[in-house]
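Pasting the structures here.
In the two complexes below, subunit A is the common chain; its partner is subunit B in one and subunit C in the other.
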Partner chain A sequence: MATIGQICVLAGLLACAIGTPVAFAAGASRSARGLVWSRRLALAFAGAMLAANLVMEYALITRDFSVSYVAQVGSRATPLHITIVSLWSSLEGSILLWGLVLGGFTAALVVLQRRGHEDYLAYTIGTLLATGLFFSFLIAGPANPFQTVSPVPLDGPGPNPLLQNHILMIIHPPMLYLGYVGMSVPFAMAVAALLRGQLGATWLKPLRNWLMVPTGFLTLGIMLGGWWSYEVLGWGGYWAWDPVENASFLPWLTGIAALHSAVVQQRRGTLKAWTVILIMVTFLLTILGTFLTRSGVVNSVHSFTQSPIGPLFLGFLGIALIAVVVLLAMRIDTLVSEPAEDAIVAREGAFLINNLLLVTLTFTVLIGTLFPIIAEAVRGVKVSVGEPYFNRMAVPVFFGLLLMMGIGPALPWGRASRAELRRALLRPLPAALIGAALTGLVFSFEWQILLTGGLGGYALWVTLDQGMRPARARVRGGEPVPRALGSSLTRSPRRTGAYLVHFGVIVTFIAVAASASFQTSNEATLAPGDQLVVGDYNLVFEGAVNDRQPHREVQKAVVRVERGGRRLAVLEPSLNQYDTQREPIMTPAVRSSLGHDLYLTLGSVGADGRVGLRAILTPAVIWIWIGVLVMVAGTALCLIEPRSERAQTASAAPEAAAT
Partner chain B sequence: MNRTVLVVGALIVAPLLIFLALSFGKDPRAIESPLLEAPAPGFALLDLDGQPVSLEELRGRPIMINFWATWCQPCIAEHPVLQATARRYEGRAHFIGIVYQDDAELIRGFLAQRGDWGRTLLDPDGETAIAYGVYGAPETFFIDTDGTVVRKVTGPMGADFLSGIIEELL
Partner chain C sequence: MRQARIGTPAGPPLDGAALESITEEISSLMRCPVCQGLSVNDSPTPLAAAMKNEVRDLLAAGYSGDQVLEYFEQSYGEFIRLAPHARGFNLTVWLAPLALLALGVALILRRRRTAPSRPTAAAADPDLVAYRERVRHEVGR
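Moving on to the complex of A and B:
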């Protein structure tokens, strides 16, 4: 098995090593045959990566401990579904999965962009294969999961218990990889645009879509990570500004900024160079993030132990950084903006401010994340940057973004008269007042809360107003309401999707603000029959139960939840002792409702049957997950091609192929 | 060739790469404090009631100084351990908590809810934390009766581990 795996990886490495120069040469000479061969080699790379991953899965499932990675994370006691996902439970396997995802994206690009864009495609494929070259080199050499182990061990330690503890850990890493790795595609397309010296509307459209896909996955991946942390780690929170969390947040911010500046470019033909820079920075930040996670240079709960690939990643990051700077310096002047017919005003201005806010936030979070490293290098002191720094810096920017989300879409494109502006901006004001009053009544009359509610109400009104505009026009034209809603989805999916995303963002913002500001908790050591009160809940501890499972011992506290004398549920927070690990892992029990979450954790179980129980009451948590899912749904909607444009593309394609 | 882009790019890229490269081979968690076997840095801070407390006046008994914050989950986990140990050695050792990057109001609320241990000092500008080279919370320093730092512990402590250190100092 190890040998077959090695062969697959080497085949992938070979495909990239040949494909990279072939594709770049094809780009430079505009050779049609070269492009055909680049495509074939890209597909070969994808196939080799797929095969290598399948071989590894086969080895994991058949518990072939002669393969080094299986010996490292496999165990005969681990259930099958956990064995399958242990592919990404440790460093070597996750790099292998990275290879698969990169191969998958490369293949998807080759297949989906079959027609047209010949000018750009060869360079794009070349850049992707160059990235693939680095990763298949990592898999073939320093992070090789297919080494032969001799003598073959009889059993292994099993994967990291955190992975075994919850279903979300199974899907969080792949989603994040789809987001991280997917950013290679828009990066490669931007490189192609620079090398070609042009970025026209025809290339911008697919570029934006290929940027939207990984941004959507990244959104989902970050949310799943927060959710997992909330459901599993037992500290009652979902975000701690940990360096690795920041590492996933940074490319998300710049990706969002790039998507917005691409909209301006599409409308006005300006900001070309800026969009390209943002896309490149996004890619570089994914590599920086991976480096920070994998090298052990920052202190984080996510860090893998010191691994030999750290310096290699730094090397790759260095090459990518230098290449990007040189490329930008050489070619950026070729991306001239199309002359705008009038000055930048109104909505373009709002887009600019949005971009500025996002970039400021990126920079602040980046500084906070890297500061410990810089301080140690410069002054030789160890410092850490705690949550307060990030919260203090980020909260005002969040307010700014919420404000722009309300003001931006309300403004007209192009030049607008003073009266028009005033009318556009004043109309949603009642919604702001209602929003502020509502949040004030529900929570409290503190200024941050009122501000969140007010800005949220304003943005919500504008979002609904703008998002429903096509449907409203149809209703006015005589269509029945359900059909008008349906056809506004099929005819202007991008507009509806974009405002759906905004809607999700606003919901998430308000939920985050509420959950961060109004947490209450209580804790006590309880004997069976004892009660703990939190909010208006009465928690009765009924007793502790031990459950022996094949790979772990589970100690549960059975807690009856009552409110107003009425029995609501039985929650069972637990401590899981895995046979292969020393420290137990706690699993909280959560009762979610639309208003708030009741969150129980079991701190300890004494020999006398007494338990340490902690109860946390947090409002609105569920709306964070709902809001993010709405964002992802909206992103998916944005990718649908409207019916009218589909017809256009179909008729334009033969022409493009002919030229 | 756009020189501005080249220069700005180089100014960002070069230091970044240098700093990242310099950070290799150093474990961010394992920190040997240069304070070990050295006199403890002095401080004069206010406690939660506004009473001044200085290192000088604590001399004569072993001192445990714990840097913590309400936003720090390991600190919250460590809280009951500190409470129990401080009660056990009451009158024989000083238990001092110094607030690390946190708000006095949050600290008061936290202590009102979960109970106090020892004296809690405010370090509003973080000067004391810097003097002790605190890298992250919780970090605990042990000072013997001569005022010398004899031990530093990074991360939360268990009850037996903490009592063991105190016993050695008594």
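Moving on to the complex of A and C:
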């Protein structure tokens, strides 16, 4: 098996090694034959990566311990579904999966982007294959999962128990990878545009979609990571500004900035250079993030591996950075947008401020994450930069973004008269007052809460007003309401999708603010029959139970949850002791409702049957997940081609490139 | 012992809800030494619980939040503070983002001032004009 896997990886490496120069040459000479061959080699790379991953899955499932990666993460006692997902439970496997995802995106580009991107396609494929070259080199050499182990061990240690402990671990990493790796496609398109020296509409339109897809996956991946950390790590929170969390947040922020600046480019023809730079920075940040999390230079709850491939990533980052700078310098003349008549108090001005805020936030998170390394190098002192720093620095920016989400869409494009502006900005004010009053009544009359509610109400009104505009026009035109809503989805899916995303962001924002501000908790050591009170809940500890499972021992505390004398549920927070690990893993029990979450963790189980129990009551947590899912749904909607445009693309001859 | 290291309590003794809320505030500024970046307040580990109790005791005795942080910093080093001191080289991490923001604001304002009054660049681009037309159509205007 190890040999077959090796062969697949080497085939992928070969396809990239040949494909990269072929594609770049095809781009330079505009050769149709060269493009055909670069397409074939791109598909060959994708096929080889798929085959390598399938071979590894086969080896994992058949528990072929002669394959080094299986010997490292496999174990006979591990259940099948965990065995399947152990592909991404450790470094070598996740790099292999990275290869598959990169291959998948490359193949998708080759297959889906037949029309509308011809001028750039060869260069785009070339850049993707160059990236593929680096990753297949990693898989073939320094992070080779297919080494032959001899003598063959009888059993392995199994994957990291933290990964075995929760179902979310099955989907969280692939989603994040789809986001991370997917950013290679817009990057490749940006490189292609610079090489070609053109940034016309046939570049911008596909770019938008290929940027939207990874951003959507990244959104989902980050949320699932937060959810996983909430359900598994046992401290009652979902976001700790941990370096690995930050590493996934950074490209998300710049990706979003790029999506917004692309809108301005589309509408006003300006900000071209800026969009390109943001896309390139996004890609570089994904590589930097991988370096940070895989090299062990930062401490994190999420980094399960430390490995020698860190320096290689740093090298790749360096090469990519140099390439980007050289390309930008080469094409500086193409990129300088002709100065436009841009008004500040207008939609385009709001986009500029949105971009500035997003970039400031990116920089803040980046410097906060890297500062411990910098400070140690400069001062020789270990320094921490954690939650209090990030909250103090980022929360004002979040408020700024929420404000812009209200003001921006309310403003018209281009110059407008003072009266028009006043009308546009004042109209949503009642919604702001209502929002502030409501949040104040529900939570408390502290200024941050009132500000969140006020800005949230304002943005919500503007979002609904703008998002429903096509539907309202149809209703006025005589269509019945349900049909108007339906056809606004099919006729203007992008507009509706974009405002749906904003709606999700506002919901998430308010939920995060509420959950961060109004947590209450209580803890105690309890004997069977004792009670713990948190909020208006009464928690009765009924006793501890031991459950022996094949690969672990689970110590549970059975806790009866009562409120107002009524029995609501039985929760069983546990300590899971995996056979292959020294320390037990705390597994919280969570009871979610639309209003708040009750979160129980078991700290210790004494020999006398007494347990240390901690109970945390957090409002609105579930709305964070719901809000993010709405964002993802909106993103998906943005990808649908409106009916009118589909007809046009089908009938029109391939568009001529311009600029 | 404590007095020798951080002086005498700066304020009156505390108890009840006031004590609990300031304990949470101060312990969330401290890093749990055995965790990966969690604060003493958030961390579920026994060491963090013990440290939180110590924070509570010190605050109850009337020591100020700054004194408590100082006390732990003497044992664990600057590493214990989750928000670094805003002095010396550490000012970089606090001020650099503000500097970037200021730079950005300056650029946006300058961009506006230097922008001459003439038709937008996009208007001269036939491809983009057609595309924008379609976009307008799509959004139903």
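Keep this in mind: the second predicted complex is superposed on the first by the 639 of 659 C-alpha atoms of A that agree within 3 Å, B and C clash if a C-alpha of one lies under 4 Å from a C-alpha of the other, contacts with A are read in each partner's own complex, and residues count from 1 in each chain.
In this text, a contact is a pair of C-beta atoms (placed from the backbone, for glycine too) under 8 Å apart; a residue touches a chain by one contact, two chains touch by 3 or more.
What you are looking at is a predicted structure, and each value in this text was computed from that prediction instead of being measured.
Contact with both subunit B and subunit C is seen for A:387 once the two complexes are overlaid on the shared chain.
Looking at the shared chain after the overlay, A:267 reaches subunit C, while subunit B stays out of its contact range.
When both complexes are overlaid on chain A, the residue A:154 reaches neither subunit B nor subunit C. In the superposed pair of complexes, A:80 makes contact with neither subunit B nor subunit C.
In the superposition on chain A, contact of A:310 is made with subunit B only, not with subunit C. With both structures placed on the common chain, the touch criterion links A:607 to neither subunit B nor subunit C.
Once the two complexes are laid over each other on the shared chain, residue contacts for A:332 go to subunit B alone; subunit C is not touched.
Shared-chain residue A:376: touches subunit B; no touch with subunit C.
Counting the residues of subunit A that each partner touches, subunit B and subunit C differ, and the larger count belongs to C. The residues of subunit A shared by its contacts with subunit B and with subunit C are 235, 237, 240, 299, 374, 381-384, 386-389, 603. On the subunit B side of its complex with subunit A, the touching residues are 1-3, 5-6, 9-10, 13, 16-24, 26-29, 31, 69, 71-73, 76-77, 80, 100-103, 113-114, 130, 133, 135-137.
Of all residues in subunit A, only 235, 237, 240, 291, 295-299, 306, 310-311, 314, 317-318, 321-322, 324-326, 328-330, 332-333, 370, 372-374, 376-377, 381-384, 386-389, 521-523, 603, 612 touch subunit B in the complex they form.
Put simply, subunit A touches subunit C in their complex at residues 200-202, 205, 234-237, 240-243, 266-270, 299-301, 337-344, 349, 352-353, 356, 359-360, 363-364, 367-368, 371, 374-375, 378-379, 381-389, 392-393, 469-470, 473, 488, 491-492, 494-495, 586, 601, 603-604, 614, 642, 644-645, 648, 655-659.
Interface residues of subunit C, counted against subunit A in their complex, comprise 28-29, 31, 35-39, 42-44, 46, 49, 77-84, 88-90, 92-94, 96-97, 100-101, 104-105, 108-109, 111-112, 114-123, 125-128, 130-132, 134-135, 137-140.
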